[in-house]
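Heads up, the next two complexes both have chain A, just with different partners, chain B and then chain C.
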Partner chain A sequence: MEQTIERTGRAENGVRPVPKRRRDSSESRWGLIMVSPYLIHFVVFVAGPLAASLYFGFSDYDMLNPPKWTGLDNFARMGSDPLFWKALRNTLLFTVLFVPLQTLLALLLAVALNQKLRGLKWFRMAHFIPVISSWTVILYVADAIFNPRFGAANALLTRLGLDAQRWLQDEKLAIPLLVVIAVWKGIGYIMVIYLAGLQSVPGDLYEAAEIDGAGAYRKFRSITLPMISPTTFLVVVMSTITTFQAFEQIYVLTGRGDMSQAGGPNNSTMVLMLDLYREGFTYLRMGYASAIAWVLFMILFALTMLQLRVQKKWVHYE
Partner chain B sequence: MKHKRWSRAIAYLAITVSALVMLVPFAATLMNSLKTYKEYTAVPPKWIPASLQWSNYAKVLELGHFGQYTFNSFFVALLSVAGAVISCSMVGYAFARLRFPFKNALFVMVLGTMMIPPVVIIIPHFIIFNKLHLLDTLTPLWVIEWLAQPFGIFLMRQAFMNIPKEYEESAKMEGCNPFQVYVRIFMPMVKPTVATLVIFTFMGKWNEILAPVIYLTSNEKFTLPIGILSLGGQWVGNEQLMVAAALISLLPILALFLFAEKYFVQNHANSGIK
Partner chain C sequence: MEKKGKKFMLLAAAASLTMAVAGCGGANNNNGAASSSSSAPAGTAASTASGSAPASAAGGEKTEILLGYYSDEKSDSKMKELIGQFTAAHPNISVKTQSAPYGQFYQKLDTQIAAGTAPDVWLSDGVYVMKYAERGAVRDLTDWIAKDLKADDYYGLEYNKDADGKYWGVPQGIQVGVLFYNKDLFDKAKVSYPTDDWTWEDLKKTAARLTVDAKGKTAEESGFDKNNVNQFGLTFFSITEGWFSVLKSYGGGVLDETGTKSIIDSEPNKKAFEWMVDGMSRGIITDPVDLKSFQSNTAVFPSGSAAMRIGLYARVLAANEAGLNYDVTLLPKGPDGKRSAPVIANSWVVNAKSSDVKAQAAWEWVKYWATQDDVQKQWAELGEAIPVKKSIAESDVFLKGGDKPANRQAFLDSLSFAQTLDVNAVWEEWVGKFNENAQRAFLGDQSIDEALKSANTDVQKVLDDFYKKK
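Now for the complex of A and B:
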């Protein structure tokens, strides 16, 4: 149809068709063709799954029989499931310990590295090696230090005349140690984000402060911290979202490849993602697992909204 | 001035201690991989083995399905990289340079997808691949990368938007269609961003654990991170070999990192500026 019109147009005018019009229709066509992979992605792997997952959340579904609508049963069950509450508590505890600790340490490291130190590249690389390692690699690295039998940490404690610890196998120590290991692994990543942010803080601010006689702490507190607050906000929001869905590190470090051991000892490191995995993929309670997923999503959404609201109080935008 | 020297000294000290905290555990792990089982489990631990058991590394390559895991990991990572580069650049180009109906609505969908935590869609994904009889195959691990992931689209779109308009004008004059302009003129101009996307995708897939744990059940299908963990049962009394296996699995990423460090750092730094 389009072509006929153009052809007539050309015949009547006796000149080439108006290029703009022709380009536009072909541009639209090409645009839609080129964007189509994402269209398929969105329909098949995002919108459809979201709707399905919401439906499963209110259903009893074991993948063998068609899902059966059960209303709020899954959510009621969650409310009376002590394991769910334990997983929720552990997830929150893990996030609350991990996010501030990693953010603060990463910022301090970035500030130290930003002093135009010689060998900056090498220091940065050293901090990035844990970042590029898989959790499986980290398991054996953590083992070298925290293995209860032959790790270096216990050897040191024994030499100092202190009691050896069971580390990840100790119900009380497991979560704090997981936090320490996660901070150790991820800090280089956050540090690099901060380094980029620090480089955009104008140097004359510091010079002016120095003339006024401000010390290192004063400059950090009154210039660096406010100027870098948009980066801090981004880092905190990002880390909260990923930490809330932590699975791999806990699966690997506490389970060592065995799902039935993961989250141990005695469920002391059971987090929401592990609970969800077990309900869904081990017991095939896909309905209940979907309900857990939605609750996790809602809590995360509320947390993000809260952070967005609170940011007005402490984030400075230019 | 004296004051400044002090603060630099403290910075050096802090960063050196921190770098040691990062590297010493890796050095200890390397040493562990070169011990006999007896040395590996000795109490108190010995830092340096009596003689370095390089043969541990040779044994890893011979035993179990290690070669198969390595192949699977490369297969998944390379197919994902190819898919991500092709699909994200194409979609990103369309969003950056072409005008077409519903463009803004579609782009809002891309941004919206970035906000959805993967946890709410993993169960339906599992069901889809079950319906397609693709469970316990490597396909679910890479196929989605061929359908343009939001992060990659965003990254490529930013790169294409920074190119001046004159380039496509002149190409259009010569009668190229938008697809030809994208392939011939624009793709060669965004090589650094493509490198970032390649590294980001490769590293993500190489280290991924959740998806392989969900989708794979047969040992010979495993990728390296979960394959190595599965060797625990077979290698009782030989656990030092698992340490060696883990370090071998780090090598490709480490090589890529030493070779192209700036792209690793650049990508992460960019995510901060956004």
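Now for the complex of A and C:
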């Protein structure tokens, strides 16, 4: 529409394009009015707090007194804070174990459930139930199996003559166990995303491949994988970002609502968001917590940029 | 655009804008009146006037204060009743309340203080009083206490006293720790009940006879499987209902009197730890992994899975609800006959940022709570805490407040050797660091010497972090 008006304006030399300007400014005024609720919300609830948080990151702020500017002190503290580095390592470990595992399993599950067999929709629904359950419910399920004294897992192990494990109380097992539980909980959601992606792969590609004599594996590798690579890219980027920010699952499963217990045995499940929350709200070092939040943002930003750069190598867009 | 269409769009835009703004403002409706008045700077005449603006009754100025407290359902309605009594007796003061369950209350409190909308007076868990006092968020009540309260009439005023002799809160309810024991489990094992003469060693000896594994063997018998304990002799966790009284009665401790220096790495502490680690390694005392198997740390005793526990007065409610046949006695002595019991005085504190007029009104409430016999009686009847007014605590209202436990005098007797939990501005943080290290010793992952040394370093670091700045 703009183009039409401009052409009209240019064609008639010497005539002031009054209609253009009036429609333009009236349109843009209306546009602004319509967008204003969102803009106000954005400034008040997003931009404002972001700016404040950046300011806090460079201050000493205990919430009970106004913030005091301290420059780079918080970042210096972060550099020499062993708990921060442990949290970072735990977060990286959790993410690196979780994202590939969930992505791969969800894809295989989606492929398996993408057939037109009867009753498959019940399977799909069954996988979605953990997704919509709260972590507190998942805690009870996990407890039924992995409770060191009353759980089924240790009962089975001792019956087989093996040692009972401490499970979530074991420093080495805690994070892998959390990964397994989280994969089980979230797989349904990723599976649904993949199902949508799979359905958009044109069937004639498969037919053509069959004519050429391709088997199931070949079809999967050379048609399915490349065609859904945009979906895979989306899933990997989103999972990485959300997993890096994991808080609720760790807090519920290791803390059971008690902040002082969360972070698992000897901080072996202390992740960045948990550390951030504790520093800010329990220890009243909100300035330091804000600095950690911004460092977390920088890390995620760098990771996402990296993934965007690498996508040219393996993501196939139509 | 048609004129009609334009008008509709304008209305729609205005409507959505209003809804958006109302949406943000709606959440604060509760504190609307109070926030507009208490956010004004303290002590200026202008703020006093604006604060009393809402209702100028005939003659005197009416002051409105915001009163915050944490509670569960039962105590919430009783508290509101008592507040109603207060406002009836003080017609020039109106009270707006803000209550929530424990966790949510504190989450909200810190952000409210940051925003300047915190209550004028709030109920603080005893262990958090110094957290707010040393950061300047609550008012110094020393002068008012000296003027209006006779110290000898009340328990616990000194628990809120800092190293400089300033008082920061007035107790609302006292929680002191004693030894709870399950009489049925003792009877079943044909073991005689604990006495006042017990030492911690006596306790452990008896506890061994009360620790039963899945096959019914006790910890004293051969073939006892310490990995399959069904019933523990003693349940024990964290600072208050765990290691604090053991350390203290052995002559050790965590912080010095100034609260700024760690005294963790000491010989008495080592002996105390040896007692604890021995008990846990033999399966007699619950270790941190055992505790994680239960719904919560405090659920072990009421569920009948432990014969004894160190418990605050508030644990009486859960034990009674579970229908346990139990009683209480003094906590055991240390090897030199020293006694210590943990005590927490949950206290009323006054917001430092409230105007003088509001602070005065808040003080009227605090005074009312402590001095009025009727208020103390009604709160004692709830059974949640020991009343702070000595005359009520020493009367039948408290001592015969219920048939279980029978030996309620033990709570009052314990107050004579009770100690606060080395509370200071960074209490939660150093307790966390201590527990981290203690847990390694308890689970046998680290030697006691190493654990005490690293606990000492970690705790000192936390203290220096806060106190070196000042």
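One rule holds for everything that comes next: the second predicted complex is superposed on the first by the 284 of 318 C-alpha atoms of A that agree within 3 Å, B and C clash if a C-alpha of one lies under 4 Å from a C-alpha of the other, contacts with A are read in each partner's own complex, and residues count from 1 in each chain.
Rule of thumb we're sticking to: a residue touches a chain if its C-beta (ideal position, glycine included) is under 8 Å from a C-beta of that chain, and two chains touch if they have at least 3 such contacts.
Just so it is clear, the model here is predicted, and its values are computed rather than measured.
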(message) Based on the shared chain A superposition, would you classify chain B and chain C as clashing or fitting together?
(response) clash
(message) After the superposition on A, what does A:132 contact: first (chain B), second (chain C), both or neither?
(response) first
(request) Scan A:247 for contacts with chain B and chain C and give back first, second, both or neither. (result) first
(message) After superposing on the shared chain, does chain C or chain B touch more chain A residues?
(response) B
(message) Output check: A:198 vs chain B and chain C. Expected answer is one of first, second, both, neither. What do you get?
(response) neither
(request) Could you look at A:93 and tell me whether it touches chain B, chain C, both or neither (first, second, both, neither)? (result) neither
(request) Determine, under the contact definition given at the top, whether A:256 touches first (chain B), second (chain C), both, or neither. (result) both
(message) Looking at A:265, would you say it contacts chain B, chain C, both, or neither? Reply first, second, both or neither.
(response) second
(request) Check the residue A:296 against both partner chains and state whether it touches chain B (first), chain C (second), both, or neither. (result) first
(request) Mind working out whether A:41 is in touch with chain B, chain C, both or neither, as first, second, both or neither? (result) both
(message) Quick one: is A:281 in contact with chain B, with chain C, with both, or with neither? Answer first, second, both or neither.
(response) both
(message) Superposing on chain A puts chain B and chain C in one frame; which of 111-119, 129-137 or 255-263 is the clashing stretch?
(response) 129-137
(request) Touching chain B in one complex and chain C in the other: list those residues of chain A. (result) 30, 33-34, 37, 40-41, 44-45, 63, 149-150, 256-257, 281
(request) Name, in rising order, each residue of chain A that touches chain C in their complex. (result) 30, 33-34, 36-37, 40-41, 44-45, 62-65, 147-150, 164, 166, 168-169, 256-257, 260, 265-267, 281-284
(message) Looking at the complex, which residues from chain B come into contact with chain A?
(response) 3, 7-8, 10-12, 14-16, 18-19, 21-23, 25-26, 28-29, 31-32, 40-45, 87, 90-91, 93-95, 98-101, 103, 106, 109-110, 113, 116-128, 130, 144, 146-149, 153, 172, 177-179, 182, 203, 206-207, 209-210, 213-214, 224-226, 228-230, 232, 242-243, 246-247, 249-250, 253-254, 257-258, 261, 264-265, 268-274
(request) Quick one: which bits of chain C touch chain A in the complex? Just the residue numbers, please. (result) 9-10, 13, 16-17, 19-21, 24, 103, 107, 110-111, 113-114, 131-132, 135-137, 227, 238, 288-290, 292-293, 296, 426, 428-429, 431-432, 435-436, 439-440, 445
(request) Enumerate the contact residues on chain A facing chain B in the complex. (result) 23-24, 26-35, 37-42, 44-46, 48-50, 52-53, 56, 63, 108-109, 111-113, 115, 117, 121-130, 132-137, 139-145, 149-152, 155, 158-159, 184, 188-189, 192-197, 200, 215-216, 231, 234-235, 238, 241, 244-245, 247-248, 251-252, 256-259, 273, 276-277, 280-281, 286, 289-290, 293-294, 296-297, 300
